[in-house]
Structures are given as structure tokens and as C-alpha cells.
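The structure's right below; bear with me while I get my questions together.
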Amino acid sequence: MSIWIGKETRLVVQGITGREGSFHARQMMEYGTNLVAGVTPGKGGRTFEAKVPVFNTVAEAVAATQANCAVIYVPPAMAAGAIEEAADAGIPIVVCITEGVPVLDMTLVMPYIAERGVRLIGPNCPGMITPGEAKVGIIPGSICTPGPVGLVSRSGTLTYEVVHHLTGNGFGQSTCVGIGGDPIVGTNFIDVLTAFNADPKTEAIVMIGEIGGTAEQEAAEYIKKHVAKPVVGFVAGQTAPKGRRMGHAGAIISGSAGTAEEKFVAFEAAGIGIMRRPVDVVELLKSVLK
Amino acid sequence: MSIWIGKETRLVVQGITGREGSFHARQMMEYGTNLVAGVTPGKGGRTFEAKVPVFNTVAEAVAATQANCAVIYVPPAMAAGAIEEAADAGIPIVVCITEGVPVLDMTLVMPYIAERGVRLIGPNCPGMITPGEAKVGIIPGSICTPGPVGLVSRSGTLTYEVVHHLTGNGFGQSTCVGIGGDPIVGTNFIDVLTAFNADPKTEAIVMIGEIGGTAEQEAAEYIKKHVAKPVVGFVAGQTAPKGRRMGHAGAIISGSAGTAEEKFVAFEAAGIGIMRRPVDVVELLKSVLK
Amino acid sequence: MNLHEYQARDLLKAAGIPLSDGDVAVTPTEAEAIARRVGGTVVVKAQVHVGGRGKAGGVKLARNPAEAAEYASQILGMTIKGLVVNKVLVVPAAEIATESYVGLILDRATQKPVFMVSDAGGVDIEEVAAKTPEKITRLAVDPRYGLLPHQALKLALALYRDWDQARAAMKIMHQLYTVFMTNGCSLAEINPLVTTPDGKVLALDAKIIIDDNELDRRPDLAVLRDESAEEPSEVTARRANLTFIKLDGNVGCVVNGAGLAMATMDLVKYYGGEPANFLDIGGSSNPEKVVNALKIITADTSVKVILFNIFGGITRTDDVAQGIVTATQQFKVKVPIVIRLTGTNEKEAFRILESVGMTVLNDMDAAVSQAVALAKAAA
Amino acid sequence: MNLHEYQARDLLKAAGIPLSDGDVAVTPTEAEAIARRVGGTVVVKAQVHVGGRGKAGGVKLARNPAEAAEYASQILGMTIKGLVVNKVLVVPAAEIATESYVGLILDRATQKPVFMVSDAGGVDIEEVAAKTPEKITRLAVDPRYGLLPHQALKLALALYRDWDQARAAMKIMHQLYTVFMTNGCSLAEINPLVTTPDGKVLALDAKIIIDDNELDRRPDLAVLRDESAEEPSEVTARRANLTFIKLDGNVGCVVNGAGLAMATMDLVKYYGGEPANFLDIGGSSNPEKVVNALKIITADTSVKVILFNIFGGITRTDDVAQGIVTATQQFKVKVPIVIRLTGTNEKEAFRILESVGMTVLNDMDAAVSQAVALAKAAA
């Protein structure tokens, strides 16, 4: 593994019989992820794709298959409950893909998982991929290739755009992590940066931020103090108007706070290589990775 | 000090201007307790007994007086809030005298204080006294005298009865702790036994239980395994009928559980000296303390 | 505070829990009307706060409205374990496919509300707990988060394999938890939760106990108290702010503090006597309380001696002494009074009592053994 | 979702928060009737979702009912920042002793609801926060426990020294917290919270924003949406399940994914152009969505070029290509379309588009710079 997922991942898919869940479960299996179980309440006892046992509860799935990672594709109103169920069943890494989770639900999920020592990625995120080992979420496996670049991002397709440039120019990835575009997410930039910094397979880090909040500024501060590896960064939303939610619930400039420009300023102050365009990632990485 | 309170105690009284609060505040001051502050919302700025400043909030009291122990005399519906306020203000030891606190309130108080590392004694308890040093609560100072016996009890006047026999027969007390008669109390027998066991001033322990629950049985189990000092014990309610609350909310025999007899059996199995009557404490202590 | 079955049903119904039809009646005519409305065979059940209603003839199966009226007229006004029946519940005799138990209790050990459910329902759950504990699924709810969906699912799956029934049960678990939390319960129980032959999930019988400490701040719950269904002397005591429980012995006890009151009763037993009551006059030593206490105890004709055991801490023993003198001047106490006082202001207390010719003791054991001897002599 | 001031007032009132009198009117006659009922001088306020209502003439002081009617007729139907005013709020012009600010916001940093209160109220709180942050008291509420009494007290004491006012404010803090939690708010604000000359505490103006993610499960909140007060193209987009925000430029953008959509707009700017909109067609690549997207963008006459930027992951680029072909066959698109597609099924997508004579690009920078050049040429 590079960070958090890899060959040793034993994945359970919550909502595996749903439209999204079944589609992506197949994609993850095709990529080679070790998908050991599915969960859909009321569908326990079935078998998915003639291989994967389906259970009524995560606790049953864990007892039967020793799953150690969960990915969630359930409707928004049930997502908080699904995260809590996985946490309560002893799953240490939970990835919630679901978009549209009410933010107040997350204010209770956060202490619940903290009390149980669970790492949550998302919600409203594309998940993670450790190229060549495991894919947990919806990042297209075809655009990735193994290598030394760790990538962390608040968005989905923009991440693919950047990964596309990386792979096309010979920069493989250790792990790509989409942390999600919501105001409250389980894992923030600093968590991922800490893991990449400690991961021997990661030699450089790409960080893709967005307008809204101060997560990028705090990450920059952290990088300045703690991250020895080279980091390059982008912030989407330079042209976004104030007070309007740009798709992602978290991508909103409140008053004078959370603009792309102030985030770029923080990046510069932390010695992060500035990507003004997604394609700039190539030249910047060339300059730091010989 | 012996355990938890002593000369170094800096006490704040919550509800100091109330009928109960003012009466007992005076009693505690007369006993020599270092009463540094009082709190009654809306009465901030006054002075109690021409000596003790009164504040609107515990946080203000702590900031001004470095109080390190709180005792609560407020009406039952406000008791949970008073405990939370003291805990949030950084007070490490909180004693709640108030009787009649709704039990569901306590189910939220318990995790709240646990998260803040606060020791709560009570509610519905007579409090604590370290004879000759400090009295926090309502145990009459006149019946106590310093010495080597640690006493822990679920009741009030029954405690006085036993202390009366102790003092009258030359057995002084290190600390007397009334843990309270409610189904959920902040500090249980085991907490106090652990402290007495570690306290060099305590040479023998008197434990006074009641019907209801299994706290005495668990304490006996703990004593068997961990307490080296001699322990003698009593259980009130041998004649209590099933299913009736004997005054204390916690003193109720549910079904076949919580009878005095099963508690005495547990005491015997743990080598605890059995008091069939309160007065028996004297002969039992004579046999263990030369 | 125990609620009547019909009151518990009302709280469950208000929370949306599916219940069998039926209603409460105070006259045979009302019972007949309810039986006619619900149709078919009905059960007429006495509403009293004691167990063993069935054995005492307080629960009857009526095949038609006329029978319902007949049984109601038999049950209404009957006395079960000393309590008069004023109300009957009339419910359809449901056809039952399966019976389960669902209880939610305030648990001391976990300091949380704990669900106990079992598909071995309809019987005494304590027996199940004692003999086959593996048949009970226990689940503690963290009140900071409430009952979570996966927890409700776990409980539901412990009862039902059928998915529709499990979903119905999940909903009922959430509703029961809401009933428990919003009504300050220490127990909320559905026993049995049944499935009908056509697969519906239904609560048949309910039991709710409300934490007495909630009643002061919750007048809406306090009004549910049915004093007509309680021991009259206990009602009188509560109104006088005394904690009183009637027992079967002949030594009347007046004590300050619950623990000391229990220890006093124990000592009565230790010296060969039988306590007639538990009575705690509490911490504040209002002479009026002493007068009321004596009134309640002397009303019990089986009491042969009255024993005071007062340890003055906050309680001022002179106040208690004054109360005793006032009471004995107000009404004639026909049985001997043994008084033990010690603590705050005891000298003044002794003076007050001795000035009217009463003797006072200082020692608990001496007082209790004297009281027991007097009771034996009078018996 | 922003609520109108009058809707926010209704939620506060339902929670028991004391508010100034007044009501909402849709005609001058109604406004006059409200003014007559409340008596004295009133304020007539346009109900639109934009700031700066006062400067735009949307807020007027009326000394009598006739004036209220007159101002209402001026304000109703007026256009403020492109939005037509359909409703006015008529409230008494309260006599004010002090003005405070009370806001409750969903805070990302603490991941909790956070109170912000200040006795420097009635003004722009962001200005206070920027210039004199020490005048703002912040307090995070742990939603597991709710707002605790001592926290409400701390907030109240930050506003008032008078104890009656502090107690009133404590209650309002609890009520505002309840409004926030039960209505799925991301912001609930009272500004100003005033005291009147006779010492009463009163909410004058309220602002509430509801988390859009709540609306699916909360139809009672969803009905509060007033589409007449929104940009019509954004309403149309939302109904078609598209996320669309109108901007002032001339390069129309159609992108899949919010982050890529923002990055595309940024790149338009980078190459010297101005985006006409944010438009995210989302993950699922229904051709119908593409048709709707093109309908909405082409309705904007300032758009000089349309730029597609699609990175196919879950989105199938052939579906998008099919949507473009369908749309251009359904209605004539008068401006040039620049298409960048890459990813899933891109070969098939290229084939579909090239078969109708459209050219397709593979690279984002190439597509954006071409679109900008075309827009400049057309301007």
C-alpha cells in the first residue's frame, strides 16, 4: 500500500445492490480491489456477481469476512447512519461517496467516529485509489498508474484532469485521495499530507483545493512547518462570485473569507508550487522530481 | 488531605444565596473549609457573609479565585446544568448535594464530565469531609474526628450513625465520602476504594451500602482483587419489599436483583467484615486495627 | 411512578406505535360500547398497580358486548391486593402468530437506556433473563446520539426474519425510544409485541414507569398519577412531603433519612420484631412533618408501638421533639412511643420531651430493642 | 436556500422568540391594513434575496397607513438587482434603546454550530468581525449535548448587564438554537436583537439560510422556496437537475463536476475571457441534461460562444456527444460551440460529433483558448 488502502484492503460495499453501488462495486472488482462483502439491509443472504456475499448489517459482514475498509453508496438521508454503522462494527477506514448529506448529520457523525478512532473519507467525495493495488470509490482506474506522486483533492473530475496530465507525462501516483467538497469532511488536507509525508513511496505531493473555508490555508501552514517533500497546489474558483454555492456545498465564499486568491497567497508563503492552470502540474513536478 | 479534599481545597458554592446553599456555606466556613467563592446567576457582585465574593458564573469565579472544587445546592431541574458548568469551567472535583435530579439528565452529565476528566460526587449525596481540614457538603463536622478510617456510603444519616460510633470509640476518620443514593452517581464504591487503598493515611475502610443495583457486589469483587487494607461493610434494606423505592431513587429491589442478602453474600466472599447492625462497626474495627 | 396499562398505551399511541384497538371504561355500559365498537371477542382488564391481576379474577375474556358489560360490572369495584378497581381496559382478543418482548430500561451499570428484546415474549421476561439469558438481546443507547438506525435494525433482526416485520419493528424501536426519553421513563415496555396471522406487527400490552424526579418539572406527566389506585396512607404521606411505604408488621417507624430508615427497620427485624412501615421525614425538621407522620402511623390499627429514630445533622432534634409534643397534644396516641434522638440540639430536645413526661433514649439499639419488646407485649 | 425575512420571522415566532409585530403583504391594500393594525410609524421592506435593499429604495418609513400603502405600491413590482419584488414586510418602526447581534452559524473549523453575539449590533457584523473582533463573543455548541444553560448564560451576559434582559436573552438563545437544529439551518441570525425603552428584548430582523441538502428529506422546508424571487434561468436549471449560476461574461460553460467547472471558468479568465455561467451537469450523463443545459445557456443573449469541457469518468462522453447532437437538431444554436471531451467512450463520442460535422478537441487548454478567441471575435 501507499496510504490507507492497498493489497491488504478487504472491502465491504454498503448499498451494494443499489444502482450506484452495484455499478461501482463491479468497477472496483474489475480493478482488482479485494471486495469481500456487500451490505444491503433486507437483502442479506444473496450473492453479488456470483462471488460476493451480501449481508443485512456491517457487523455481520465483518464477522464473516474480516472486512477492514468500507465504502458507502446509500441515499443522502441514510449516509450518516451508514457511517455510524461501519464505525460501530469496527471498520477502521470508511469512505463515503454519497453526495448531499445534510451538514447537521455530519456534526454528530464526527464525534461518533472520533470516539471510535475511525478514519472517514468524505462524504461527497470520489474516494481513493492506490494505482495497481486497490480502488475504493469512483476514481476511474484507467487514468491512473503507480508512481511517486501523492495527490489530494477536494473535487472529482478536476482531480481526473490533473491525474490525466500526471499519467500522460510519466508521473505515476502513490495514492490519490479525494477528500470531498462538503463543509464538514472526515479527513482534511492535513490528515492526508501527514500520511503522504510519512509514506516512503510518496516523493511529491499535489494538492487541489477550492474556494470556501480555510482548509487550504491551514494545510499551507502545516506544510511550511512539517512537510519536507515538495508540494504543488491549485485552487479552483478564482472567478467565483461571493455568496453563491459553486456546486459543492463547501465551495462558497462567505463575505471576504475563502477566496481562491487568499489561498494562493498562503500557498506561496508556504513554498508550495503554484498551479495557475491544471496543466501546470507537469512543469512544476518536472522541476522538483528529476 | 486524605482523599480529594483537604487544606488545599479552594471551594466554590453553586447556589450560595439559596436557603440550603447559604446555610451550608456558613457551616462549611465555620468548619474551616477554604470557601473562596459563591455563584448565583444574577447575584454577581455581592459578597456572602462579608467575606466571600459571589459571581454570576463558575467560569468567572474560577478566573477570580482559582477555585478547585465545587459544591452544588441548586434545585433539581438545574443540577445537571450546574454540574456541566463547573466541569466546563475546569473544576476537577464537583460535589452535587441536590436531591431529586432526573435520572435521564444524569445519562448526559456522565459522558460530559468524563470527556473533561472531572470527578463528580453525587448527586443526592451528603458530600465529603476530611476531618480537621475541609468539609464539602452537609456531613455534620461535630461528629467527625481525624484518624485512620476511610468511610464510603450510599446514604446520609446512616453514615452519621456509623461515624458517631467510630468517633465515640476512638476511631477517627481519614475522609468520609457519601456517594449518594441515586441510580446513577458520578463516583461509585470502586472509585473511592481505589483512592482509599492508595491513601497512606487510611488504614481501614468502612463501606455502607443499600439495596438496589449491583454496586456493592462489584465493589466486593474489586476488594477481593485489589484492596489490601481491611474492609468492613453494612447493607441497609434487609427488610425492604421488592419493587418499592425506599426513599432513595436507587434503593429499589428489581425482580430478584439487588437484595441486601446477595450483597452480604458478596461481602463475605470477598473477606469483608460483616456488620449486621451499625454498632457492629466498633468490634469489627477493633479486631483489624490494634 | 407506575402508569396504568391504558395510560401507557396512550403514550405509545401518541408516538405512532401500532396498538390493538380498545379503550378504557369506568362503567359496564362504557365497556359494552367499546366491545361493540371493536367487535368480536374482547378482553376486560382491571387497571390496578399490582401484579397477578389475572389470578385475582381481574382479567376476563368476553365473547360479546353483553358479556363485556357483565364482566366489567364484576371487575369494577372489586378489590385486588387492597386496591379498588375503578377502571377497566377493553381490548380485542387479538389473533396472535408470534409474541415478542421489547423493553427499554434505565440501566445503572451502563448509565444508559438499555433495550432488552426477545422473541420469547408474552411470558415473564425476568424468568427468561434468569433461565435463558441468551434469548435476550441487550443494546445500550448512548443518549448523546439517540437510537441509531443500525442499532434499531439489530434489535429488529433479533425478533423477525421477515423483512417487512423487521422494518415495522425498527420503526417501533425508534418510537419507543422517543416515548422513553420524552416522558422521563425509567422503564418502557411492550409485552407482548405480537405479529398477527396476516403479518402485522402490533403492541398488545404496555408498561411504563416514570422517574419520580421528573414530575416536578413535568406537570403533564404528574397529572397521570392516579391516586385512587394507590394505598391511601401513602397518598396522604406524599401530600405531606413524607416518604412512606406501608408494610405488614406492627412497629411503626419514624426516621430521618432513607438509609437510616432502612437500617432501623432492619434492626427491628434483628431484635425479633416486624416493621409496620418505612417512613422518612427527610432532612428539614419541620414540626408539622412530625405531626403528619404520627397521624399516618396511628391510623394503622396494626401498629402496636411507635419508634422514633432521629440523627440530628441538618435535622434539628428539638424541632422533632416539639413536633412529638404538639402531635400528642392534638390527638391521643393510644400506643407507646419510644424515642431515640441524638445530634443537633439534643439537649433542648431532651428537655422538651422530658418536660412533658416522655423518656428519651440516646442509643439506636436500645431504642429498637425496647420498641420490639413493647410490640411483642401488646400483640 | 435563503429564506425571506418574513419566512425567517415566522420560524422564529413559532419557536417562541419575541418579535416585533407586523406581517407580509402582496398588495398596497394589505400593507395599509397591516399598518393600521400595528399602528404608528411602520417600515415597509421589499422581500428579495439581495443585499442593499435600502439603498435601492426597497425600504421605506411610513408615518401612517396611507403612506404605507403608497410606499408599498412603489416597492411592489420594482426590480432590485434584477429581481422583481412581489412581497413587502410591514413592521412597526420600533423605538430602540440598544441593538445587538445574535447569529448561529454552521462552522467548518469546529465542525459545530457556533454562536456569534455582539452588543455592537444593527450594523454589518462582518465589519465588526474584521475591525473589532474582540466585540464578538463566539461559542461552539456540541450538538451531542445541545446548548447548555451555562452557555446560554454566557452569551446573554455578553449582551446585557440587566438581569431580566439577560434571562430573556438566555431563553432566546435556546429558542434560536432549536430553530437552527430543527430546520436544518446553516445560518440563523437575529440582527438586530433590540431592547425597547421600557426594557423588553425583541427580535427586529431575521435571516435564515437552510442547508440545501435538507430539502429532499424535509418537504416542509422545501415549500419555503420562493422561485419568483430567484433568477429564472437558475430555477429552470434546478428543475432540470443542473447546478447553474448566471454570471456576467459571454463564454457559456457546460462542464461535468463542480471543481472542473470552476477550473474551466478560471481558465477562461486566464486566457482573457469572461465566463457567462457556472454549469455542472453532474456525474450521470443523461443526454436530456445536455439538451436542457444548452437550452438554458442559449437563452442568455450575451453568450457568444459555448464551451463544453467533459472529463469522462462515470460520465460517458458518448452520451454527452449524443445530447449535443440532439439539442442542435431540436433547436438552432446561433453561437459557435467548442467541445472538449476526454475519457470514457471518447472514441465513440468523437465519431458521433464528427459524423454531424462538429470538431472535437481533446485538450482543455486548447478548447478554452479557442472559445475565448471566438467570443472576442464575436464581441
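Think of it as A, B, C and D in the order they're written, each chain with its own count starting at 1.
In this text, contacts are C-beta pairs under 8 Å (C-beta built on N, C-alpha and C of every residue); 3 or more make two chains touch, one makes a residue touch a chain.
Just so we're clear, the structure is a prediction, and the values are computed from it rather than from any experiment.
For the pairs A-D and B-D, the larger set of C-beta contacts lies at A-D.
Residue contact pairs shared with A-C exceed half only for one pair among B-C, B-D or A-D, and that pair is B-D. One simple way to say how far apart two chains are is to compare their mean CA positions; for chain A and chain D this gives 28 Å.
Spacing of chain B relative to chain D, judged by their CA centroids, is 56 angstrom. Mean C-alpha position of chain A lies 51 Å from that of chain B.
In chain D, the positions touching at least two other chains are 144-145. Shared contact sites, meaning residues of chain B that touch two or more other chains, fall at 108, 111. In terms of which chains touch, the assembly is arranged in some other way, matching none of the line, ring, star or all-to-all patterns.
Contact between chains, using the touch rule, shows up for A-C, A-D, B-C, B-D, C-D.
Listing the residues of chain B that touch chain C in their complex gives 23, 76-77, 100-104, 106-108, 110-111, 126, 138-140, 143, 153-161, 164, 181, 183-184, 208, 210-211, 213-215, 234, 236-241, 244-251, 255-256, 260, 276-279.
By the touch rule above, chain C contacts chain D in their complex via residues 144-145. For chain D in complex with chain A, the residues that touch the partner chain are 106, 108-109, 111-113, 126, 130, 142-144, 181, 184, 186, 211-214, 216-217, 243, 245, 247, 255-263, 265-270, 275, 278, 280, 283, 311-315, 342-344, 364-365. Of all residues in chain C, only 144-145, 148-151, 153-154, 157, 163, 166-167 touch chain A in the complex they form.
Those residues of chain B that touch chain D in the complex are listed here as 41-42, 56-59, 78, 81, 84-85, 88, 108, 111-112.
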